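Working notes, beginning with the structure itself.
Naming follows writing order (A, B and C), and every chain is counted from residue 1.
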Amino acid sequence: MKPLLEIDQIHVRYGDMTALRGVSITVAESEVVCVIGPNGAGKSTTLAAVAGGVKPFRGEVRLNGTAITGRAPERIAALGVSLVPEGRHIFGSLTVDENLAIGGYMRNDKAGVAADRARLLDLLPRLAERLHYPAGRLSGGEQQMLAIARAVMTRPRLLLVDEPSLGLAPKIVDQIYEILLDLRRRDGLTLLINEQSSNRILNHADRIHVLRAGVIQLEGRAEDLRDGDAIRHAYFGFGHQAPAAPAALEAAP
Amino acid sequence: MIGLLQNLIDALSLGSIYALTALGIGLLFGILRLINFAHGDFITIGAYALIVPSADVTARMLIGDFNIALMLPAIALIVIVAALLTDALVFRPLRRSSPPTLMIGSFAVSYIIQNAVLMMYGSRPKAINLWSDANTQVIIGDLRVPMLQVITLVVTLALMAGLSVFLKKSRYGVQMRAAAEDFRMAQYLGVRGNFVIGLAFAISGILASAVALLYVTQSGSLSHTMGVPLALFAFVAVVIGGMGSLVGAVVGGFLVGFIVTMLQAYLPPDLRAFRDAFAFAFVILVLLVRPAGLVPARNTVERV
Amino acid sequence: MSAKTLLPALARHQSPALLALCLLAIVALASLTGSDTVQVTVAEMMIRVIVVVGLYVFIGNSGIISFGHIGFMCVGAYAAAWATAQPTFKQIMLSGLPVFLQEAEYPFLVAVAGSFALPALVALILGAAIMRLSGTACSIATFAFLVIVNSVYSNWDSVTAGVSSIIGIPTVVGPWIGFAFALLAIAVAHLFQISRFGLMLRASRDDEVAARASAVDVLKVRLAAFVLSAALVGMGGGLYAQFLGILTVDPFYLNLSFITLAMLVVGGMFSLTGAVCGVVAVTAIVEVLRFLERGGLGVALPQGSQELGLGVLMALILVFRPKGLTGGRELRIPRRWPQLGFRRKRLEQRPQEG
């Protein structure tokens, strides 16, 4: 099966700090791939590099076989990649409705936009109730849902989700994963998700990569890694062949 | 009582000019984090566009003689083109630069425009007569209100209402507000960064051309540095109002107009000459007491 | 002193020493030409070196742009004029001055000391208020300060003679005196830069959060730099007054702010060498443009080309060489030690990140 996304040996640097050293990840159509790793491992940088927020100084990112490395974020978005960043980045002074509208503006099919909006509001009744509120007044969980809905409004083929569970209650996190997996089931949406811990994601992801200190330490099918030992080794780095690289700084895009 | 009312009307009219100028500066600051010193010079360009380019002492009208329905868009277009050119030539290459570099860049643009105007039109101020009919007075009871002040206020309110509707209701307006709040996130959602910035430059050009026409009608003269004091007072307005907040810029503009008029009217004569010093000392004071301004924007926390 | 202790000291202070030698060469050459115009140009250039080096002490070390330092230059210039203008003039035109200034004529060095101290005092008061503002707000506050100084000095008739000028200031400043004080300014700037205060301020410029975390009192070091830089710029103003012999408020406004800032940017904001080189380079360019404006090559460029050229140059530098001509480095005698060469190579090879 042809991969939708290929991250090929990318290196990213912030000033003197190397954040990624040769990270490669491929994601096939309709697959759910998860990157896990500790704080500062380079997870957010990886997603930002795909979405055009940072430019790798070496390596390539390909979407459907076409190199998109170094293109402007809005052009990558137009190719069907949408990012739900860590910290959600809701437009707090805009209403919930306007936040959703932004996502739809780059599409030409008005009918499709309206249909998607209706469907998402159906799926997320809490947002429907607060359509004309400034989005900054929503709770953390609601903001996360809005961030996802807003990204889905662009009709992406590939949705990048950065730590969707950060700072949210477990119950809310379950809801959010339900929504994400529901979108995948219905639309065949491809997902690349970052998480800090593996416990929940092992049940949802098809494949898992463990990233630490800017290097992929381990990758495999979720079902093969279920016992957790290999992941723990890769994650914490003891008793493993992983190179002892100095911790790289992870910066938000 | 009549005196106070008269002063209030003066304050409103002067405040309108400052508010429109501050709005243009505030709009660009919101999206680009650019303190645009050259905004005053956009106004200068709009004013000089009225006349035939020459170094002669007397000004001959060119676009200024057009029918008003043709003249307004022509002047606006010239200023828009100038504003977009500064973006394309200077600010776009500086997109990833730090705010101090951007600030110096706009200082350079301002210097370039002033001297380019000086080169084309000569250094001496020129008298110009635009819409002298507007200087008639409307008499309401004991109150004499210059027609021009009424026009200024009406035009200002109309432009503000227009801008507000644009920002609230149109898709590009919503995109601009989103970009002003979180530029990178807006790009991730497909908002075209350079387009939105160009739009902001164009709108600030329209605002500048409106100020140019109102101001020239009132002052009756042109000089290559005429925009500078306007921009300086508008900075004060933007800072007092809260950088990045458009409502703040408008509030600040009217407040500065009010302060300047009242200082002029009620300062003891020997201190009146220091009016500007008082006004600018007031900026420093506001900065100290309320660094975020009177109407703080939610998104201007400077990266530490 | 043995060679062992002397050599490191020389190495440590080589940049200012080399800069001094360059300036010395310029002044000496100017004296050799014997041309009055050249002498005047070089004297003015030395004064600008003092002003721009003063500007650099604050901007270069703190990373905050100030548009207001020309206000300090104005304060310094008037301080010197008050001290040195003829008492007969002062008693008639500047009747608001305190008696000790009105009735006496002070020697040159006292005037310079005054033009150093008064701006420093003003900067201390202003800085204590505005140094805690963020970078952008602080820049705007310095702008406001410039307008305030301009407004006060052009209207306070009994002290500054308002829009008319103060005349009869002894014109004692020529290229050599200018050079001597330029040396002083460079030395002070250099010593500040390598002092603990200077290092802490640079650390805060590069990373304010980290500097604060390691117990750097950012406000205090910023304020110190602000006061010192205002004093140097003021001293430049004092010398300028005694170079011109006649003083008005007009020159101390936006144009001069722009020109001095342009010099700093062209040379490179973040090194002392940049400040000095910028003055020399911009002076040279402006002189060439002036020459062309006067019709030096047969065809006269239109009035304003000189300013336009300077503006365009500054924009080009900002876009294509944001660290200025010097690239933020200091002037040093090139050393050919192998490991150094290796290091430099690696630095150059480092690819650009987005």
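Following the convention adopted for this analysis, a contact is a pair of C-beta atoms (placed from the backbone, for glycine too) under 8 Å apart; a residue touches a chain by one contact, two chains touch by 3 or more.
Note that the coordinates shown come from a computational prediction; the quantities given were computed from them, not determined experimentally.
S.K.: Most contacts: which chain pair?
M.R.: The chain pair with the largest number of C-beta contacts is B-C.
S.K.: So which chain is farthest from chain B, going by the mean of the CA atoms in each chain?
M.R.: A
S.K.: So how far apart, in whole Å, are chain A and chain C when each is placed at the average of its C-alpha atoms?
M.R.: Chain A and chain C have C-alpha centres separated by 51 Å.
S.K.: Suppose each chain is reduced to the average of its Cα coordinates; what separation in Å results between chain A and chain B?
M.R.: Using C-alpha averages as centres, the distance is 42 Å.
S.K.: What whole-Å value do you get for the distance between chain B and chain C if each is reduced to the mean of its CA atoms?
M.R.: 32
S.K.: For the complex, give me every residue of chain B touching chain A.
M.R.: 171, 174-175, 177-178, 181-182, 184-193, 298-299
S.K.: Where on chain C is chain B touching in the complex?
M.R.: 63-65, 67, 129-130, 133-137, 139-141, 143-145, 147-148, 151-152, 155-156, 208-209, 254-255, 258, 261-262, 265, 302-305, 307-308, 310-312, 314-315, 318-319, 322
S.K.: State the interface residues of chain A toward chain B in the complex, per the touch definition above.
M.R.: Residues 51-53, 72-74, 77-78, 82-83, 85, 89, 91-94, 98-99, 101-103, 105-106, 136, 150-151, 154, 253.
S.K.: Flag every residue of chain B that touches chain C in the complex, lowest number first.
M.R.: Those residues of chain B that touch chain C are 33, 35, 89-90, 93-94, 97, 99-101, 103-105, 107-109, 111-112, 114-116, 118-119, 122-123, 228, 232, 235-236, 239, 243, 273-277, 280-281, 283-284, 287-288, 291, 302, 304.
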